[in-house]
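First chain A sits with chain B, and in the next complex the same chain sits with chain C.
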Partner chain A sequence: MHIHFLDPFRPRLSPVHALDPRVKLVLALAYILTVALTPVGAWPVYFLLLAVILSVGILSALGLGFIQRRALLALPFMLAAVPIIFTNGETALFSFPLGTWTLTGYAEGLARFASVALKSWLSVQAAVVLASSTSFPDLLQAMRAIRIPRLLVAMFGLMWRYLFVLVDEALRLMRARAARSGQGAEAVHRSGGSMAWQARVAGGMAGNLFLRAFERSDRIYMAMVARGYDGEIRSLPLSAIGSGSWLTLAGGLILLILLLLFGFLLWG
Partner chain B sequence: MHHSIEVQNLSFAYPDGHVALREVSLMIAPCEKVALVGPNGAGKSTLILHLNGILLAPTSKAHTTGQGQVTVCGMPVEEKTLGRVRAAVGLVFQNPDDQLFSPTVYDDVAFGPLYQGLPAGEVDARVASALAAVRMEAYARRVSHHLSTGEKKRIAIATVLSMQPEVLVLDEPTAGLDPRARRSFINLLRDLPLTMLVSSHDLAMVRELFPRMVIMDEGRVVADGPTAVLLQDEKLLEAHGLEKP
Partner chain C sequence: MIYAPAQMHIPDGFLSILVSAILWAVTAVVLGIALKRVGQDLGERQVPLMGVLAAAIFAGQMLNFPVAGGTSGHLMGAALATILLGPWAAIVVMTTVVGVQALVFQDGGLLVLGANIFNMGIIGVLVSHFVYRSFLRLSGGKRWGIFAGGFLAAWLSIVVAALAVALQLAVSGRSPANLAIAAMGGIHTLIGIGEGLITVGALAFLYAARRDLLQIDAPAPKGSRMVWVGGLTIAALLAFLSPLASSHPDGLEWVAEQNGFIDTAQSSLYTLIPDYVFPGISNEALATIVAGIVGLLLVFGVALGVAHTRRKKTA
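The block that comes next holds the complex of A and B.
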């Protein structure tokens, strides 16, 4: 049994895939920061930012449909921003009764909500493009390059490596349960058991999975120690960044700064 | 000339009181290939963990759970020799998913040399030659999770070959392999010019590859001799839960 679908990486031949992962990571983070800092209601800037991420999406050959499907992940988080409509501002737009209360929506609140929704949508798209066009080992290298603590990067690496193993294990457990969840020949016996019993089985499975993960961590540690691990994280030096990548990085950052200035000057 | 592995009167009990080894003695000469067989729970894995110093023989007072002495390549296995012992003895665990813990195959094979403090160029050369030795050169940039069990087992061997050990210790190397993967794995083991101690239930492989065989049961070495002779002794095999291949 084997799990591939968890891995967001989609190998393609595209300039975005070919870009140095360090440059990609920095640009993606800078883009998200720019989106977050753009003032509320600076609609032209949002459209320009959307144009930027859509262009990158098209360049990446991942398919805009694919990116948008993944970006739907941001939807539930937008819901959290809904109360802003009713708590923020002075110009009442609409109101409706809710039991003994009356809810009033404000224009300023609506603008703020639309900005938050747009911001999260744009940011998630950037994250989707980054994760789908960069393999995880490359991302780890990039994290090391921008000085994220080595221990943290090593932990991300181990987590990513064993997430798949753990999911495989969970699927095996569930398959074993399904294989033994038969139905008796006599109709009088209701199959499936009571809710409480099912909950107990599921709890047992979760506990089992935890114990297995715990024991596995012990064995992994022994395998590391056997090859000389001494508690310190060591890694090979990174390769140099090419001049083309530097240019892309500089160009991207200048574009984002200009967009941000534009937003601040006209709407800030 | 020292022995590659010298175990003298080694006894060991786990903290829960379970006695895993009782007065085990074992000598292995350089370039000898020895099989370690016996039922589950016989103490094979515990013995193997001692050869790499993951479990330590009680040379200091802190370890009161056992006694005995383990010497590897002329070095007594104790706290201050651990680094060199681990470079000298390559230990490959049974489950390759435990052995391969890095994001890519390259990182995993480079792990040992990196911890030996070798310069980057040397690490690179070690990785290349280790992958070549197991005939997996094309896999350096692959992700361990997407490999087959047979491929993982080969990479697992490469992860210790890159440390250029004198002794290779393998735990159940052919478990879970299909016949073709098992065959190519056996050929690989035959070609590696190292001292080898291999724990296995695969007596057909033992007969084919290992001139000498050590049988363990209930924490003791119960037989040690030429494989051809021991495998003829059906009474002995039966007494220790083994079957003539």
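The block that comes next holds the complex of A and C.
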């Protein structure tokens, strides 16, 4: 079994996929920054930002369902922000008894919670579109273009190259463990020993995986040296950005700045 | 589910711009130092070794074991990486892991990536290094020191990182301090046990199979005293800040309010500074912190002294 399905990249023929990865990365970061800077309570701006990301999502031909499913990942974290509904603000909105306490929800707190939830939802959609419409080598190129240290980019690249190999190895370890542990239907017939024992087994597997990775990295290093590696990371020069991409970049940034100004002027 | 994200990755929108920016700056500086040190120590080997080990940590995070109630224990890996690779390389490896998780799998946001690297990469590694090295020195490189140190390092790396997340959320005004700290701290006290047990399992395997990898007798790498002190400082700071913040939520709430102001751009940055006071800290609380830090220093002073005399005896 190979685990290429881990890769979120979905090749499609769409203008979003065709866009220069550097422009795409910068626009995605600018979008997330705009969302973060938008004042609490500037609801129309949030709706416009939602319209922007939904249109990009539709343009990307990835399917809105796909994007939303992946965007759900950020959902559990919202629990952390729920309490601010009850601790923030003066205008009581609703209250209900909870055991011996009475919980009072405030309008200001609710507004703050809603904007945090919206912010994270909008941002994660942008990140999903970026990751699903750009192949990893293209992302690496974009990272180089925004001046992330070459060494770090090279490590990212190597990690990606061997990620699937090592995940396959981890899956093999887990399959071997499952094959050796019979398990009854009832909970009483659970295989293996105590929880601590099971954790130790999992730890042994982790140690094993580490050891294999060590040895593999040795072999990779030898292979690299055999092919002339001397510690210098060499990569092809980045191609020039086309005028169409420049236009998209400028248009996108201007749109985001206008949205931000709109939010600041009316609700700031 | 093949890929289970941990609760520690903060998504975008949950930290204020100011907090994100400060943590990005700190992360960039520490990462720069780490990259330089790793380059000096490993030379041209560093790229294949770091890349493949980052992939191994990522894959290792999938290994799980069942815990009661249908949940399962996982590995974060900061402690294991620190023990096996030393602090600087571990910071680089964890940065690569957290970076790919955010960029490709949306596990953690992009704007808050600096904070996530700071919590899982830097804090986790510094604290692990501090605990593990202390135990190794105390035990004189004996078995119990390796395993007890490994367990505590892993456990503490999780708990302290979780407390850092809670504090950052509270300072950003996204979650009340008293609730966030209690909840994050409480949950991760338990999750940390799983991390500790897996780490000990891995160490036991490596102790039997490749003892040389554990580098028990190897001299501490250059600059590791700085890391040790850093780990001690962070552990102490969070251990004392957290109860303080949860018993005086007003103080943090005030900071959060100011932060909220910056978010909404209702007041500019410079108005923050003139009468910068931290309400909520009475003298009593300050005294508690000072007493705590002095106590901690005393305990470690004694521990170091004991270790020192022991080393002299064996020499």
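The working rule: the second predicted complex is superposed on the first by the 243 of 268 C-alpha atoms of A that agree within 3 Å, B and C clash if a C-alpha of one lies under 4 Å from a C-alpha of the other, contacts with A are read in each partner's own complex, and residues count from 1 in each chain.
Going forward, contacts are C-beta pairs under 8 Å (C-beta built on N, C-alpha and C of every residue); 3 or more make two chains touch, one makes a residue touch a chain.
Remember, it's a predicted structure, so these values are computed and weren't measured experimentally.
Peer 1: Per the contact definition in the header, classify A:61: touching chain B only (first), chain C only (second), both, or neither.
Peer 2: The answer is neither, since A:61 touches no partner chain.
Peer 1: Looking at the overlay, does A:111 come into contact with chain B only (first), chain C only (second), both, or neither?
Peer 2: neither
Peer 1: With both complexes superposed on chain A, which partner does A:48 reach: first (chain B), second (chain C), both or neither?
Peer 2: So A:48 meets neither chain B nor chain C here.
Peer 1: Between chain B (first) and chain C (second), which, if any, makes contact with A:137: first, second, both or neither?
Peer 2: In the superposition, A:137 contacts chain B only.
Peer 1: Under the stated touch criterion, which partner chain does A:216 make contact with: chain B (first), chain C (second), both, or neither?
Peer 2: both
Peer 1: Looking at A:227, would you say it contacts chain B, chain C, both, or neither? Reply first, second, both or neither.
Peer 2: first
Peer 1: With the two complexes superposed on chain A, say which partner A:158 touches: chain B (first), chain C (second), both, or neither.
Peer 2: Both chain B and chain C are touched by A:158.
Peer 1: Hey, what residues of chain A end up touching chain B and chain C alike?
Peer 2: Dual-contact residues (chain A): 136, 157-158, 160-162, 165, 216, 220, 224, 229-230.
Peer 1: Along chain A, where are the residues that touch chain B in the complex?
Peer 2: Spelled out, the residues of chain A in touch with chain B are 2, 4, 135-137, 140, 157-158, 160-162, 164-165, 216, 219-220, 222-230, 234-237.
Peer 1: Which residues of chain A touch chain C once you look at their complex with the stated criterion?
Peer 2: It is residues 3, 6-8, 28-29, 32-33, 35-37, 39-40, 70-71, 73-74, 76-77, 80-81, 83-84, 87, 112, 116-124, 127-128, 131, 136, 139, 149, 151-152, 154-163, 165-167, 169-171, 173-174, 195-196, 198-214, 216-217, 220-221, 224, 229-231, 233, 264, 267-268 of chain A that touch chain C.
Peer 1: Looking at the complex, which residues from chain C come into contact with chain A?
Peer 2: Chain C residues touching chain A: 2-3, 5, 7, 10-14, 17, 20, 31, 35, 39, 43-56, 58-60, 62-68, 73, 75, 77, 80, 84, 92, 95-97, 99-100, 102-107, 109-111, 169, 173-176, 179-180, 183-184, 194, 197-206, 209-210, 213, 253, 260, 263-266.
Peer 1: Give every residue of chain B touching chain A within the complex, in rising order.
Peer 2: Its residues touching chain A are 49, 52, 54, 83, 86-87, 91, 93, 95, 97-104, 107, 110-112, 114-116, 120, 123, 143-146, 159-160, 163.
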